[in-house]
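Each of the next two complexes has chain A plus one other chain: chain B in the first, chain C in the second.
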Partner chain A sequence: MSDLPGTGASGPTRRQLYERRQRRRSIVVAVASTLIVVGAIVVLVPKTPGWYRVRRSFFNGETFAETFPRLAEAFVLDLKIFAWCAPCILVWGLLLALARGVRTPALFPLRLFAAAYTDVFRGVPVILTILLVGFGIPGLGLDRPWNSPYLWGSVALVLAYSAYVAEVFRAGIESVHESQRAAARSLGLSSGQTMRHVVLPQAVRRVVPPLMNDMVSLQKDVALISLIGPIEVLRQAGIDKSKFANFTPYLGAALLFILLTIPETRIVDHLQNRQRRRTGATAIR
Partner chain B sequence: MTPHKLSLVSVRKSFGERRVLADVSIDVASSEVIAFIGSSGSGKSTLLRCVNLLEPVDDGAILLDGIDISDPGLDPDPIRRRIGMVFQSFNLFPHLSVLDNVALAPHRVGRSNRSDARDRARDLLARFGLADKTSAYPDQLSGGQQQRVAIARSLAMDPEVMLLDEITSALDPELVGEVLDVVRELKDQGMTMLLATHEMAFAREIADRVCFLHEGSILECASPDRLFGNPREERTRQFLQRVVDSGRM
Partner chain C sequence: MNRRLSLVAALAAGALVLAACGGDDDAAPATDAPSSTEAGTSDGGDCPTITDGKLTIATGNPAYSPWVENDAPESGEGFEAAVALAVAEELGYTGENVVWVRTSFDEAIQPGAKSFDFNLQQYSITTERAEIVSFSDPYYSSNQAVVALAGSAAEGATSVADLVDVKFGAQAGTTSLDFISEVIQPTAEAFAYDDNAGAKAALEAGQVDAIVVDLPTALYISAVEIEGSAVIGQFPATAGGTTDDFGLLFEKDNPLVACVNAALATLRDGGQLDAFAQQWLSDNAGVPVIAVG
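Let's look at the complex of A and B:
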């Protein structure tokens, strides 16, 4: 038996040796395949007939250097719109989800409203909601500041996204097992207290990862507000594109979004993994 | 008439077409301990859930201190405060610490302030040997510890009646004892209890009366010695024989 690898009391176990070997192999394969794919792109793409023109109009260093600071400045507006929309969406979405769970007959209209609301705003493309609200409501002839495209663009985003978020909250609330409610009610907690102190805290914890996903998505859709006027980053990129007759500003705008959304999605992944670890399930290879 | 703590009068309950309780009647005196035995699906759990108003009864009445608590028009919340329930699968609140599991209801429902509720919870937990677990979360405890927390949580509302629904069924055999010790302590303090159980030895030891449920009816109720030693009903005898054969008694 002593000639078997890894059976010594002090050395690594057979399993550890095997995993080490596997790990080394995976790394070699991953590096090789990446080199091949990237190499093919680097070699083949410049051989296409239009590469020269594409490089000049999309990857123009001078235009990039000249426009990027202005884009970054305009991006602050995107961040601001996101910053005031996100909390409104979370609160309004939660209220809608709670309204859908109401069982009191007198409040039936509320339940009906919440159901119709989510149906409508989940069904209409966000871009249409923005156009309809953003052009329609200021068309009523309201005075400043009530005709601001920032305001109505933001309202449109809140309307659309709260419908998605309400569904996420509702799924979370429904995922809390009935036995939790039974335990709370058996202690004499009312249905409202049970929701507030027992069901909601668990539901919210469970839906943090999907909620973060919606927030990343919102972060990008803020750019749609440019369609109704505000000069945020996408609009600014369009202006610069026309001015320089060059598409590089769009690339700069994309870069700004990526700089923000990549860390955000990493956080989401991290949260999801942590949750998976907590519930005890391990990945199957 | 002797004042009964709890009375069930011709209680019926169906889930759709399936009749779960068919005309169940029983009077329970104050400080009496009743054990319900019977095979799975005989209606033991449903009976306890009905007493706690977690399931509305279809017909019949449940009287607590002579007052009909099964009246559909009544607000069930104040009544539930007087009746504690402990579940087979503990049903602790996983997002709250052990201390807050116990203190939640007294604080939110009982209107005692937070620190009083917590002091009280700490005392209760200490009584059940859980003084060092107050800041742990339910998932960090063994099944036996979790069930003792669940009992403490229920007792924190000072219930007049306790309903114990197969509270040891989900436990490893070596953890059953610590939970049953707690139930013994409750009996010594004169708590009125209804328990659904598969632990025949325990039912025999602790119950004043044992009732055999079969297909939603109480076939017989008697002192443990009489019911286990000399069952009158053929079905009771068959059930007990099956329990003996499976090595659980």
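Let's look at the complex of A and C:
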């Protein structure tokens, strides 16, 4: 047993042994505690009086098997709408945030517009925006295919969500210290160049977790497009619920959403961690 | 500090376990027995209602014409309002003793205890629904019908083959939507809406070519609600379509069903159901029939 640290050749140090023991003990306690809690739920919940009915209504295997393929098909529509809305929202939100931050007096109306826009569209519930835009605008007399609910429903989602995303970007931009701007300007970069090369890269990296939040929220709000007609996964689950008088289809839909969200957030976490490691931010524990 | 937190977590887990321990009643899969309160009716005791001395009837929110006029079922105006009040009178409930409540269409066809004695919102009697709730005998038979604006792709259709390229809309969770997907089978998937108001808005906005609703609703829409719309046709059982029997909806195995069936039989034999249909529902005779298959 060597007391000299760093001499790997003579085996682990006392401190390392101690830490190893502590780690093992924590793992054992964690596993035991998890087993107890899960075991309690699995053993005791079925003993409740209403369990049979709840299981038949919410966890019905037969209904699940019968409805899941159709739900997966309908989910593809959700994915498509999300895929074309998300980039538009990010771009439009960023433009709004930049508009809100302009400092030249001549462009004040732009700043006013951006402020009013975020206030209005954050205040109005997304359902109202979708109904007004999805039914109202086509109702003015547009012909097909320009009155499509897919188009106007997506427009409504973009209008609504950009307001939230714009605020997130604005928070990111304002969190970049003023000294960065000062340094950039003193190097001779113009205002626009400062924003593009110095401020935005830092700002956007900072707000990736809250943006992720908004994107995940968007995935679920895509379901609101069912109000104006298209049959997406939650509407299909509702139709199946009425047909089979059973809530299990909603469980299937929830599973699909989770299957999408979990890998997404883990990938983003991984990218963030890689970024932090590169800049040495994880050196201190 | 970490040790204290984990102690709190362990206590919480323990509390969860103890809470789940409580309630050791037998988990027998018996269906809900309705609360058999003493009924204050002339039938005396074997026609129980959820509230003593009162009959609680539920309908939609809002309730549409021609089933309920002006969203005021208490007035008895409208086909369903009239039928419900007539049944209530047969059971011995009149005036103040008839209480109206509102539920959504879906709410009532879910398993579990109900907040009403019976519900009527053009519920079609289907085998799937009958496993979860109980229905009375039918009080009306209705065909599915197609409503479209003048000049739409559905105009002049005489058979289902003419409707295959039409974009349809219907209320979600109804037999109308099932009818579109199972009988008409159009190439484009139909749009589904929370209620008929959404379907009508889509029709007016040109997002759908035609909507499918039951025939009386179709006649009302084309005559009163949407200008320039018409009933393209109906699908009766004789032409291979389906006829929807509307029944009053009860909690599963409610003993009140037998009493209500007796009341309905009296009304039917006395010709009152037909009289109500004559009074409140438009004449169905002139609507062309669309052949199926």
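Throughout what follows, the second predicted complex is superposed on the first by the 257 of 285 C-alpha atoms of A that agree within 3 Å, B and C clash if a C-alpha of one lies under 4 Å from a C-alpha of the other, contacts with A are read in each partner's own complex, and residues count from 1 in each chain.
As a convention for this text, contacts are C-beta pairs under 8 Å (C-beta built on N, C-alpha and C of every residue); 3 or more make two chains touch, one makes a residue touch a chain.
Predicted model only: the values in this text are computed from it and were never measured.
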item	value
Partner chain(s) touched by A:Val31 [first = chain B, second = chain C, both, neither]	neither
Partner chain(s) touched by A:Val76 [first = chain B, second = chain C, both, neither]	neither
First, second, both or neither for A:Gly238, with chain B first and chain C second	second
First, second, both or neither for A:Leu128, with chain B first and chain C second	neither
Touched partner set for A:Ala254, first chain B, second chain C, both or neither	neither
First, second, both or neither for A:Gln202, with chain B first and chain C second	first
Partner chain(s) touched by A:Ser186 [first = chain B, second = chain C, both, neither]	first
Overlap of the chain B and chain C footprints on chain A, listed as residue numbers	none
Contact set on chain A toward chain B in their complex	179-180, 182-190, 193, 197-198, 201-202, 205
Chain A-facing residues of chain C, complex	9-10, 13, 16-17, 20-21, 23-29, 106, 109-112, 128-129, 131-133, 169, 172-174, 177-178, 189-194, 198, 201-202, 204-208
Residues of chain B touching chain A in the complex	49, 52, 54, 76-78, 80-81, 83-85, 87, 89, 91-95, 104-105, 108-109, 150, 153-154, 157
Complex contacts: residues of chain A adjacent to chain C	33, 36-37, 40-41, 44-49, 51-53, 56-57, 135, 138-139, 142-144, 147-149, 226-231, 235, 238-239, 241-245, 247
